[in-house]
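Okay, handing you the structure first.
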Amino acid sequence: MNPKVNYGMVGGDIGAFIGNVHRKAISFDPRVRLAAGCFSASSENKNRETGEVLGLDPERVYKSYLEMAQKEAARPDGIDFVTIVTPNVTHYEIAKAFLENGIHVLCEKPLTFTVEQAEELKDLSEKRNLLFGVNYSYTGYVLAKVMREMVKEGKIGKVINVNAEYPQEWLLDDLHPVPGQELKLSVWRKDPAVAGISNCVGDIGSHIENFIYYVTGLKIRRLLAVTNHFGQPLDLNANILVEYDNGANGAYWCSQVAAGTLNGLAVRIYGDEGSLEWKQEDPDYVRYTPRGEAPRILTRGNSYLKEKAAAWSQMPTGHPEGLHVAFANIYKAFISAILASREGKNTDEFDFPRVTDGINGVKFIHAVVESAKNDAKWINLL
Amino acid sequence: MNPKVNYGMVGGDIGAFIGNVHRKAISFDPRVRLAAGCFSASSENKNRETGEVLGLDPERVYKSYLEMAQKEAARPDGIDFVTIVTPNVTHYEIAKAFLENGIHVLCEKPLTFTVEQAEELKDLSEKRNLLFGVNYSYTGYVLAKVMREMVKEGKIGKVINVNAEYPQEWLLDDLHPVPGQELKLSVWRKDPAVAGISNCVGDIGSHIENFIYYVTGLKIRRLLAVTNHFGQPLDLNANILVEYDNGANGAYWCSQVAAGTLNGLAVRIYGDEGSLEWKQEDPDYVRYTPRGEAPRILTRGNSYLKEKAAAWSQMPTGHPEGLHVAFANIYKAFISAILASREGKNTDEFDFPRVTDGINGVKFIHAVVESAKNDAKWINLL
Amino acid sequence: MNPKVNYGMVGGDIGAFIGNVHRKAISFDPRVRLAAGCFSASSENKNRETGEVLGLDPERVYKSYLEMAQKEAARPDGIDFVTIVTPNVTHYEIAKAFLENGIHVLCEKPLTFTVEQAEELKDLSEKRNLLFGVNYSYTGYVLAKVMREMVKEGKIGKVINVNAEYPQEWLLDDLHPVPGQELKLSVWRKDPAVAGISNCVGDIGSHIENFIYYVTGLKIRRLLAVTNHFGQPLDLNANILVEYDNGANGAYWCSQVAAGTLNGLAVRIYGDEGSLEWKQEDPDYVRYTPRGEAPRILTRGNSYLKEKAAAWSQMPTGHPEGLHVAFANIYKAFISAILASREGKNTDEFDFPRVTDGINGVKFIHAVVESAKNDAKWINLL
Amino acid sequence: MNPKVNYGMVGGDIGAFIGNVHRKAISFDPRVRLAAGCFSASSENKNRETGEVLGLDPERVYKSYLEMAQKEAARPDGIDFVTIVTPNVTHYEIAKAFLENGIHVLCEKPLTFTVEQAEELKDLSEKRNLLFGVNYSYTGYVLAKVMREMVKEGKIGKVINVNAEYPQEWLLDDLHPVPGQELKLSVWRKDPAVAGISNCVGDIGSHIENFIYYVTGLKIRRLLAVTNHFGQPLDLNANILVEYDNGANGAYWCSQVAAGTLNGLAVRIYGDEGSLEWKQEDPDYVRYTPRGEAPRILTRGNSYLKEKAAAWSQMPTGHPEGLHVAFANIYKAFISAILASREGKNTDEFDFPRVTDGINGVKFIHAVVESAKNDAKWINLL
């Protein structure tokens, strides 16, 4: 009768947009309930207020993530998993704390500062037999799953070129600082101490890397990159050439200073038997062109798509799903895996981004930064 | 600490898509909780199972809506409002039962079979001082609210022509019945006993009527219509000309047999100072052309839009919101009105579709059907 | 060695945009040469200057169309056909003069003021065994021909609904007259003495009528219409419902006051086996949806289109053709017909708009105006 | 009375599509007339037949370009300029022959095999005081000129990133050779002896290079590249990173094996004050986003665009122009320059691509090929 899975959140007070997105998406699943939180480390008021708004037991609104991990682990009705939506610098230590207390973890990306930290989290989760998800949210879109299935079925043949990008415009004003006035857009993502070695590539370039891997299964053998800082400590723009393990090439571009763009993740995957094009801002459609034929506009849920892929749809076709559904699909698979693991079942087939995806993301970010520092030298990843 | 508002649902068992959409959208609001339901009148199993999946107290999963209305009214922790997501024929009696038991109502559209029924519900809700919402869900989209605000501010001047449509394709196969095989798409919407006097106009034409009124404030003075049944009891396609109270004209088209369309609600509103274009399937954008200038593509949440309208946004701009958010915005306003009414405050300004919208919808449907029966005669609505 | 066909032009001095469009389009065809003209009746200077710029023999630059018709008819190297690009009021008498002098005619639309005039021209051309084309230029687009072929082949089955429109914005400023200042956009199209009984429907509504007939072969059995004059002598906006001879319905909308539109001819044709969508402003593509399948984006010249239709293409696919090519295709067919007629061959199969299309256009305009005057009464056309 | 400028053509028999495109585009200009030609070096029949169809004096249909250059130079009414539309390998010698005979030249791109050849042509044209145009046709589009003007006026500020591409699909079938059957798409562009050191980059990559330079004025300081041959002698796909002389970066991609693309030249230019986006396949529109504002869709000919740029428009706005107009604008400027040079006037300001553009193109192609051969090493261009 009661929810089967309880979860907690670290970060995401009610003033933070992303916390709400996560909670709304999780609430799509009737099997789960928010039971505990440490929503703000910096403001006790915000933390308490968030708990109140969300109707939490005040005892389970914690002042520190460590207290939360320990006390929840000790409760008979303690949380089954924690979702971590804090800035990059804290991911490692928070995730580690919950793993050490036997609690499944789903964490925002980029997973950690260093590859070693990410691999340590992987080892720890495996040793403790815990699930570890990483929130590469865009792979939750139904059409991402449809494309992945189509590539697997050979609909576009062997991939021969990839063109992918993720431009934004939200930091463009930073190129025009107003004297005597703090940068209104100055945020933690631009601070190396909080964000790590990269801003733009870390935040959005890594989505390109993960998304292309998710859809195609191709691994990046090596890459070279040019980044632009425009006078800031971290990168705001990057152009990257990649070589995949099948020998094909691709180009990735990410930017936070591209006027007229918002969250423009867009991928175009060309194979020797056809192509796929998809845009995050128009996520319910994919343009599929079989070799020698006219392009087709496929949408989720329709009879011409396979049942397996269409099963992720949470809204009748023709009604836009939006990013909440993509998040919800990530959580849906993660929660299903938790329930399966409870029964001792294998959880390998559940479709959510794993800690290995998190490791690959950190490797990708480091490779881009290293290449850019070395005048676009090739960096091997395999 | 607990949710401030409890709600119940009539209809919407877990096999019915629309019930899930409602519940997910409502769950965006942390102030509310599902507390009771009568999810299926035809199947006791489905009803019970739905309650279980949703974690309801079995005592509050009722076999009849009447029992539910009476027992919930009698509980100290009874539901504050009911949402009715059943087929058309049942709306009137269910809504009436809850109103008579002092419970606020939000009901699917079209509201009732007859104008008299709709007006009776209005009278009853006023007499009992209860809120009555009608689920014209598309008006919950942020851009619908932005357009409405822009029209009010005079951005497009006086409206001089409207072109609006809502084509679908889902009943096209019905034009090709396979002998000896039941129509796979045969559904209650096509049955006059359940749907009322109209299928297509009732289901989707009425959305056009409501949406244009919501955005422009224009009332239809009179209309004429041609409908097509293609051999079925009720309409599958309709072309309608309208004349508004400001003297302008418009054309509406709705269809369930238009190949290549899904939920193609699209409106174009032309004023003597500019125009607005919007599509339900791409809901985060509006094309706005001021007279003598280039078209602009506006999106929710951006600084060039007014704060008031942008406040409805539940996702950062550039990340698609989808229909769940539109539903959620309807419920958000409705729930806020309930909380305000609890404190004796005026609830007139809360932005959700009202019982008067429901009445106008029923009048519109009747006018279209009457005109079509009389060879496209003008029918007065004012 | 010399061009095989000589032509003359009435109207279209070098200051008039449309004259240049015609001449450039005609010059696509190496079989034809401009040999004579009466480019301006009002300005002797403009007339002479146009002849000079175009390199004409000054003797063949005439002060009146009548002189031109007579003298050219008397020359051994006289023009084979005349193209008439003058305002509406003059079409009838000019066309008549050339027909009476034994010269083939291609004339702008709307063909004449009255149906009787149009029919007289038809009779005259038949009696004299002369070709008579009418410049419904949009039917010259390759995709118009492709769609026509697809409909004939049954690709969309029986047509069940048509939605077509032609909005423009160029007269919107007229709704905002500046006191003491002549309307800058005051043009002959708005003057009943020059344009006839209609401005908007005559100029662009008639293109919808002809284009839909061209593509579908459907005849309008009856129609009803509402027009808007916004204080002017002639119509600036019209909404029209039609009923075709196969029983299907359609809605047409044309406007000259629709902010944000340019030459927005757009047609959507729905059949019981599929649909076609096409836009004049994006003329190289058609969206084709077979019933139950995903929409396809077809373009001219590609292997998946039939050879017959693709043969009209004058530019490799992927390079936009533009309206010059549509005009050129009309003239190409007309000139081919002239050459065939010279050899006594049948000319019925050459694909250009005929005088019967011109007659239908005038009938359509009159029906719309009559219906609008009679409160949207049905007007029979068959 | 007669045309003021006579021209000849080398290559472009009536079976070759591109010859017709050139001739039709040139015929837009009433000041010019085709007077001589050597249309096919391989087929005497095709050569003669082309002359006949085009109505040329048989004496001026030459068997060799050399004969043509010499004899035309000797005639009092000899051609003023020649347009060369032959395969790459012949450009240098043909252009040289006409220059040496005192005839202006407009030549297809890529201009020559080697940089030295291109520079020799430049020197020769300067020594002889002859005009030398290179057919980078896409810069003839009105919106290319509008964008160039906007960049000059500072509308997008300092350029900070460029993303440009030119994908095609026409050689994709070559990746699937059918045993025992000649490649149907085997063409001279793939043959090093005729095309030079590059196929894809030479043919279409060079258009990206020229177009971006035309619009932005930015010179490429250095570049690195990866190309893909897919088993063929020359490249079919290339990804290129560039660094401009202002320090900004960009990425170029060209391909002939990208399913679902036709002539997909598309450029996106991001500045610190705004951005411009344009697509060759939709050439009448540019998307312009000023920093902090909504994107606008600008089209040629409208009042909000500058008169200077709009002056190139050859069709009222809203009617598509197509590639013929782009070609026509190149020729229009070239012919105007010829007429100006006749009067001894300065010809520097006439807006057509010059021999220096041709040199830059050859340098670009060589740099890409060299970088690709050296594992994506940076190659300096300045």
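Residue numbering begins at 1 within each chain, and the chains themselves are lettered A, B, C and D in the order written.
Operating definition for what follows: a residue touches a chain if its C-beta (ideal position, glycine included) is under 8 Å from a C-beta of that chain, and two chains touch if they have at least 3 such contacts.
Source: prediction; values computed, not measured.
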Based on mean C-alpha positions, I'd like to know which chain lies farthest from chain A. C
With contacts counted as defined, which of the two, A-C or A-B, has more C-beta pairs across the interface? A-B
Round to the nearest whole Å and give the separation of the Cα centres of chain A and chain D. 43
In whole angstrom, what separates the CA-based centres of chain A and chain C? 55
Cα centroid separation between chain A and chain B, in whole Å? 34
Which positions in chain D are in touch with at least two other chains? 261, 292, 295, 299
In the complex, the residues of chain D that touch chain B are 288, 292-299, 302-304
Report the residues of chain B in contact with chain C in the complex, numbered from low to high. 156, 160-161, 163, 165, 167, 169, 172-173, 175-176, 224, 226, 228, 230, 237, 239, 241, 243, 248-251, 253, 255, 257-261, 268, 270-275, 277, 287, 289-292, 295, 375-376, 378
Under the touch definition given earlier, write down the residues of chain B that touch chain A in their complex. 1-3, 17, 20-21, 23-24, 27-28, 30, 52-58, 168, 261-264, 280-284, 299, 314-325, 328
